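Chain IDs A, B, C, D and E follow the sequence of writing; residue 1 opens each chain.
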Amino acid sequence: MNVLILISCLGLLSLFVGLSDSLRRYSLQVIVAGVLALFVLNFFNWNQENTRYYHDMVNFDHYAVAFTGVILFVAALVFMLSKDQFNFDEKGTGDYYGIMAFTVAGAIMMVSYSNLAMLFIGIEALSVSLYTLAGSKKTSHESNEAALKYFILGAFATGFLLFGITMIYGATGSFNLAEIAAYVNGSKDLPYLFYAGLLMLMVGLLFKVSAAPFHFWAPDVYEGSPNIVTSFMATVVKIAAFAAFYRLFSTCFGGASEQWEMILSAVVVLTLVIGNFSALAQSNLKRLLAYSGIANAGFMLLAIVALKGDAASALFYYSIAYAAASLGAFAVLILLSEEGQTLSIDSLRGLGKKNPVVAVLFCIVLLSMAGIPPTAGFFAKYFIISTAIANGHLAVSLIAILTSLVGIYYYFKIIATLFSAPVEGSENTIAEKKSYILILCAVIIIAAGILPELIISLLR
Amino acid sequence: MNEITSTIQVVPLEYYIFLSVTLFSIGVLGMLIRRNAIIAFMSIELMLNAVNLLMVAFSAFRGDAKGQVFVFFIMVVAAAEVAIGLAILTMIHHNRGSVDINALNKLKW
Amino acid sequence: MLEYVFYILSAISIACALLMVFAKNPIHSVLFLIGTFFSIAGHFVILNAHFLAIVQIIVYTGAIMVLFLYVIMLLNLNKESESTKPNIVKVAAVVSAGLLFLVMLASFKESIAIPLPEGTDGIGSVKNLGKVLFSEYLLPFEASSVLFLSAMAGSVLLAKKK
Amino acid sequence: MNLALLIPVLPLIGFIINGLFGKNLSKSSVGLIGSGAILGAFICTVVVFVSFVSGGSAATTVKAFDWLVIGDTTLSFSFFVDQLSLIMMSLVTGVGFLIHVYSVGYMHDDENYNRFFAYLNLFVFFMLLLVMGDNYLVLFTGWEGVGFCSYLLIGFWYKTPDYNDAAKKAFIMNRIGDLGFILGLFVMFSEFGSLQFTEVFADAAQYSEGNPAILGITILLFIGATGKSAQLPLFTWLPDAMAGPTPVSALIHAATMVTAGIYLIVRSHILFNLAPETMCIIAWVGAITALVAATIAVVQNDIKKVLAYSTVSQLGMIFIALGVGAYTSSMFHLLTHAFFKALLFLGAGSVIHAMSGEQDIRKMGGLKKALPLTHITFVIGCIAIAGIPPFSGFFSKDEMLAHIFNDSPALWVVASATSALTAFYMFRLYFLTFSNGFRGTDHQKHHLHESPSSMTTPLVVLAVLAAFGGVLGLPLELFGLEHGHFLQNFLGLEDSSFDLSHETEIFLMLGAVALAVASWLLAKRIYKEKQTLPAENVTGIQKLFVGKYFLDEVYEKVIIRPFQLLGNALYIFIEERVIDPVVNAFGTLSVKKGNFVKQLQQGNTGFYIFGIVAGVVLILVANLIWFR
Amino acid sequence: MMTLLLIVLPLLGALSLFVMKGDSIKKTAFAISLVTFAMAIGAWINFDASNLSQYAFKQDWIPSLGISFSVNLDGLSLLMVLLTTFLTPLIILSTFDREYKNPLAFYALILTMEMALIGVFVTQDAFLFYIFWELALIPIYFISLLWGGENARPITFKFFLYTLAGSLLMLFAIIYLYLQTPEHSFAIEAFHKVILAPETQSWIFWMLFIAFAIKIPVFPFHTWQPSTYHMNSTPGTMLLSGIMLKMGIFGLMRWLLPVVPQGCIDNADYVVILATIGIVYASAIAIVQKDFKKLLAYSSIAHVGLITAGVFSFTDNGLRGASMQMLAHGVNVVGLFFVADILFNRTKTFEMKDMGGIRSKAPWFATLFLIILLGSVALPLTNGFVGEFLLLLGVYEYSNVIAAFCGLTIILGAVYMLMSYQKTMLGETSAATKDFTDLTFNEKAVLIPIAIVIIATGLYPKPLIDLVEPSVQYILSFINI
């Protein structure tokens, strides 16, 4: 709880730092130090006796604390990566950090809520901040377009989310997760109103996690937004959305699972197919990552389909693996764009020769994304599939496994490009660059791959 | 104040649901049929209002104030969203001189 | 008697909503939307949510819609210049919205039997709402301030010129 | 008895020394090592033979090492010393030694001298494995090994493509037979649970005649034998095998390897005796082969080809005898045939040597004077093979014919006809080669000379054997001893019963001799007195003979071409048009699908909203349908 | 501990290469692979075949999921480890006279591959098995892609995705099996205890089988193979054909037969028929190949078809034969591909019609080639015979008709191998071969050990058969319930 309060304060602090001419250049240091401090502080929330705060509005149970930790850590990494990324105008940097801090606050609400009102506020705090961030590169038409698309579609989806919440309220008379759960588990024949509301609510959440057919915004917004914002969306935001999704469904709707399981399974399949196959046809690296994010969303949804057993730890592990890999990829992307390279896959040609360290690290990242053992990506996929099979979702698991083959194809296409001969005449200038974030991500990927037990045992 | 009970007695909940769904659908229709971003924003407001209406109706029928509090939050959010949305719109208009949502299709495939 | 009020208000809100959608001029749309909001405020009143009715009028018509008008004026959008979508798209739009309407209706039409509440008189009062809001719902209330702060900073960032 | 182990090892050592270090050794030491190894083996054989006989003729097994584990039993690499294997060992090492000696002279000018001796030694090694193995698998090892050595030696002059083709053909046709052999072993193993001679034969004693398993085993083994011993339908490789150096033809393709099939059947005669149907097949396959090969031999003009077809024909004769159960006479003829056919081949080699490599008998003639020793020995060989007394061929052939007559007069007719033809083409060969005037070039005439003593000595020794080898089969009754003859008593094989009267026997004997002499005279009349030369253009049935019954062409058209077509068809139509495209289709379809799915992302916000609405509608509809 | 060391040593070796420069890279790589081989031999010396778990090392890895790092050696594993560790130094040595770009990465990948392969053969945990299985694929992907010849990229992708598709099916099956284990463990003993309905066994069987079949490859899952072998650099082809495909067969024996015995029995007919078709099919295609390397590729399909049929005969002879033939095929095919490499190195072509007469130019080469060829056509007293005889006997015990068809390999193998020998080695020299030089020292150092092993294991295979015998009996004990 203290983390939630303090992150909001940190956002405020950033805004103030941004205002002051003398302090402005420290805004990055301030935010990074603040987030890291919170990350440490967050550890103390583990195993606290009383986890419910403010009339059971938020519940900082293990699940919430664990995900808060991940969100803070990943956010810290994103902030570290953001050096020189918000240089659209001289004065704005602190503001952007402030807004990002608020986004993180929204994300923490989303992982710790135990009342639909908090979920709603969290989602909106997150979204509203992101609308701004997506459009933060004001002079860029792509950024403008991304912001507008994100806003219109996001607000539209909020409508469905709210409609769903309303219906559930109408059926249960409560916004509290525990009460809703009691209602679901208590009555044999749930009113139809409730089911429809549940599904509308699910639609709203599916939109946030960019599951097909509600994914359309994602590739465009990811591509149009500034790189650092995209990396933020792909990691922090996505993890928060999934955490929220899973928290809601596992706490409240597990008892009605036969009602939405099939539909969600169909969504999973559609998401996997669309995500993977669209990524297959991409030549722009950023857009490819966007589609791969959709495909990954399909996998994470599978954890929600599975719901029971180890699904929470599977999702948790997946989040970490996915975030590490995504951040690594974005670190490379940022390296590329800093040198004014186009973000096409072909601009990676010859990297293996020019800068083998970055190439090998990126290769590790891609292997993890493709799910090749013993990287974290493999275990992530493995845990999810295993949980899904354990809960009897054989067909959808098989489809997930097979579509990941398509994924392997395009990730390995990039790997092949990394190590293929450079294009004649083009100078690849990231030869001398290093990225500590990339190194860190690769280390996390390998470490999490070798010692997955450390992570999955947390939420068991 | 016994009017309330009579309202509940004479107007069944289904009517409110019907009305709310109608307004919501009109909002969706507006999103679908218009290209002007301003109108799209207004359609979203309409959808949110449909939700508000329904929420209040449930609140009344349940005799529970939480619904109305929630409506309060929805209004807050709507206001915040409008602020951001209109800011984005201003920015885009400033850059491109148009608020046609379909003209924005540089990002695709 | 009250049911007629309900019908009239409903008719107004639906008609205004439709007109809002189909009006050529954005200014007209705004005005029709205000009409809808007023009628919804009326519904609030007959549902005994007086405070919300007031807030509805103040926030929506007083703040939000004025903001809309302001932006329309500022950006000079009050021309009927919108290029219309092709007819096929329009038909498709109407069909899909209609489908959504029908499906939602089909899904929600079976209401639930809610036992008539007792002692619900004051639930919509300022006093009661304030109590709920500032005790039970204090955290969301505070959290929405974060949201506002973010929206504020964001709006400023985006809308200000260089 | 452990000396027996040394017998195959010595040639192997010779092979290793000559193979690895032969390049650095002088030619004389290479020849010495090569021949010496075989001589050593021969001496050992003799010693073993003597100790075997003196030791009461008890069959013994000498184990080298455990080899394979099959089923529940461990098969060892062991050697079996009994009468049969001793005779074969003596033959292989004895004749082998002579041919090695001969090769010292014959191959003297070849650049790959050491390789030749290495191969020959290796061959002898494998041949010894074949005849000494105490189980079918060791036998099979030798069996395959000699086939491989035959491949190496036929293609010894590897620069000539035809020779390589011949070598390959020999190996592959042998392998076709080997498949039959190995399947036979499988049946045997599953039936008896062993491949050990002693165990198999002991078990077989409990089987009654006509048992299907035994029938299968024997037929499959016989298929193996047809490959190795050049019987129909697998005989066409043997004439082509004459591409190899002549000593090779003498050793492998006349005296030893081709007799492996006979050895196999004699070795397994206990099984064959239980399968009368197989015996019948063997007899008739042998009969047809004998006749077919003899007719072809009549029109051949290549000195070695005549001998090759003659070999096929003679082997056919032996198979007839085997088919009627006359194992002892078969072995007898095998031995005498080895002597005189080796002699004839070596003689032919001597002729070719003198003729500077010419093999066409139409271009020879009158070599009598130039090659006196060769001439004499060749005549002896001809008389022996023609079956004219008192040379060895007479005895063995006569014995076979009598047995055949006893069993089936029809077969006897075929065998006699073959026999007559044999006499005819052998003397045709003789007269065309040695009589009348020289028909070759002046250069060849100038070059004519008798071969060196290393070549003629083996000729003389073999001539002596060919002349007096019949002693082995002289009826002991002539000396007032017991029934049967030496070989028969020594081998102690279970021949089929023989109940011809003495009169019939003598009549048959006289008839055969008369036929042979008549054929001789006919050949003399045509080729010596009339000096007829084989015509360039043949007519009538001769076309069939010259064309070798067009078997090669039939095989080419019926088996080889269709199989190549099949391979091409599979490759082009199945591999490249079906299987591969199906696999690739997954890839191309995926990419296509990717491009299609990508198109959904129109970039148009209105469309995205449609997407969302459609999604909601679908979800709600699905919900309505499934869960209402 | 020894087993763990066998896995770790090549990996450490691969890492140690990164501090090397120039020529010392390949020398170090070679030295490390030799040491590994020596260790494998050392393990063999003190080996008691009847003990199915020796040099065991077990360390809990993900205890909550029942995953442990559990490795040990039984006879079969040791045989495969011996094969791997024997071939790897030879493969490395085979590159000594060739220039490969970026040697550091190249040798590091080869050693990593060795590590993964050894891992596959010694692991006792299904999860670990899968991890090593996949891990083995990564180095070969890079070797194919970066050091491959023409069209390396599409061909590598086809191969890679094809095999991965199979692996993913296997993963699915493994997870399913894991969930059925009573104590939720990936240990092989736990898998042995799983009792499934026949129908379930059947589909699990097919999932696992397809994974293995693609790797082996069994007809009709083979089409990645000829092009991949052909395109790859020689070390790549050697690794693929010599060791990697053994993973598939090993998988059949260790992870398929004992785990879903009923599924195996129910579907053996299909598998054996497919394998038999594959033998004849691949042989027929090999006969019409004009390209030497492709010919070898198809011949390999035929050989492994027989091994597969032998495994599915469920007889002791079939399994023994499969073990022996895995060893033999590995050694022979590596030799043959090195022969192809030498030919290409000297003549710049794989087209057999452009060659000929090499025997007179390079007697050493011709002789060693011949010996390897004999192993390949299964002449008795070579290693090929031992395996092939036992395999055919096993298949015969399964079905005599099928054995007759499988036996065609005896004939057809001789046809195409002798044809290739004749076309390349015999006859007169051609323009391409007129300057053919005989083997260099390093080339001899590769081919002579291969030739020695071919003859030695053919002459005296008993120790090897004894080595695998208990493992074979153990596997069979599951089938013959």
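We take it that a contact is a pair of C-beta atoms (placed from the backbone, for glycine too) under 8 Å apart; a residue touches a chain by one contact, two chains touch by 3 or more.
Worth saying up front: this structure is predicted, and the values here are computed from it rather than measured.
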item	value
Contacts common to chain B and chain D (chain labels)	A, C
Interface ranked first by C-beta contact pairs	B-C
Central chain (by mean CA position)	E
Gap in Å, rounded to a whole number, between the CA centres of chain B and chain A	27
Chain A and chain D, separation of their C-alpha mean positions in angstrom	78
Separation of mean Cα positions, chain D and chain C [Å, integer]	103
Distance between the centres, which are taken as Cα means, of chain E and chain D, whole angstrom	37
Where chain D touches two or more other chains at once, by residue number	598, 601, 603, 605-606, 609-610, 613-614, 616, 620, 623
Junction residues of chain E - those touching two or more other chains	157, 161
Multi-chain contact sites of chain B, meaning residues that touch two or more partners	13, 24, 27-28, 31-32, 35, 41, 62, 64, 66, 69, 73, 77, 80-81, 84, 87-89, 91, 101-102, 104-109
Set of all touching chain pairs, with the criterion as stated earlier	A-B, A-C, A-D, A-E, B-C, B-D, C-D, D-E
Chain D to chain C touching residues, read off their complex	606, 610, 613-614, 616-617, 620-621, 623-624
Partner chain D, residues of chain E touching it in the complex	157-158, 161-162, 220, 222-224, 281, 284-289, 316-317, 320, 357, 359-360, 374, 379-381, 385-386, 389-390, 392-393, 396-397, 400, 403-404, 407-408, 410-411, 414-415, 418-419, 422, 425-428, 460-462, 465-466, 469
Chain C residues touching chain B - in the complex, by the definition given at the top	2-3, 6, 10, 13-14, 17-18, 20-21, 26, 29-30, 33, 36-37, 40, 43-44, 46-49, 51-52, 55-56, 59-60, 63-64, 67-68, 71-72, 74-75, 77, 82-85, 89-90, 92-94, 96-98, 100-101, 104-105, 108-109, 111, 114, 116-124, 128-129, 131-133, 136-137, 140-141, 144, 147-148, 150-152, 154-159, 161
Contacting residues of chain A [partner chain E, same complex]	367, 372-374, 378, 382, 385-386, 389-390, 394, 397-398, 401-402, 404-405, 408-409, 412-413, 416, 419-420, 452-453, 456-457, 460
Residue ranges of chain B in contact with chain D within the complex	28, 31-32, 35, 101-102, 104-109
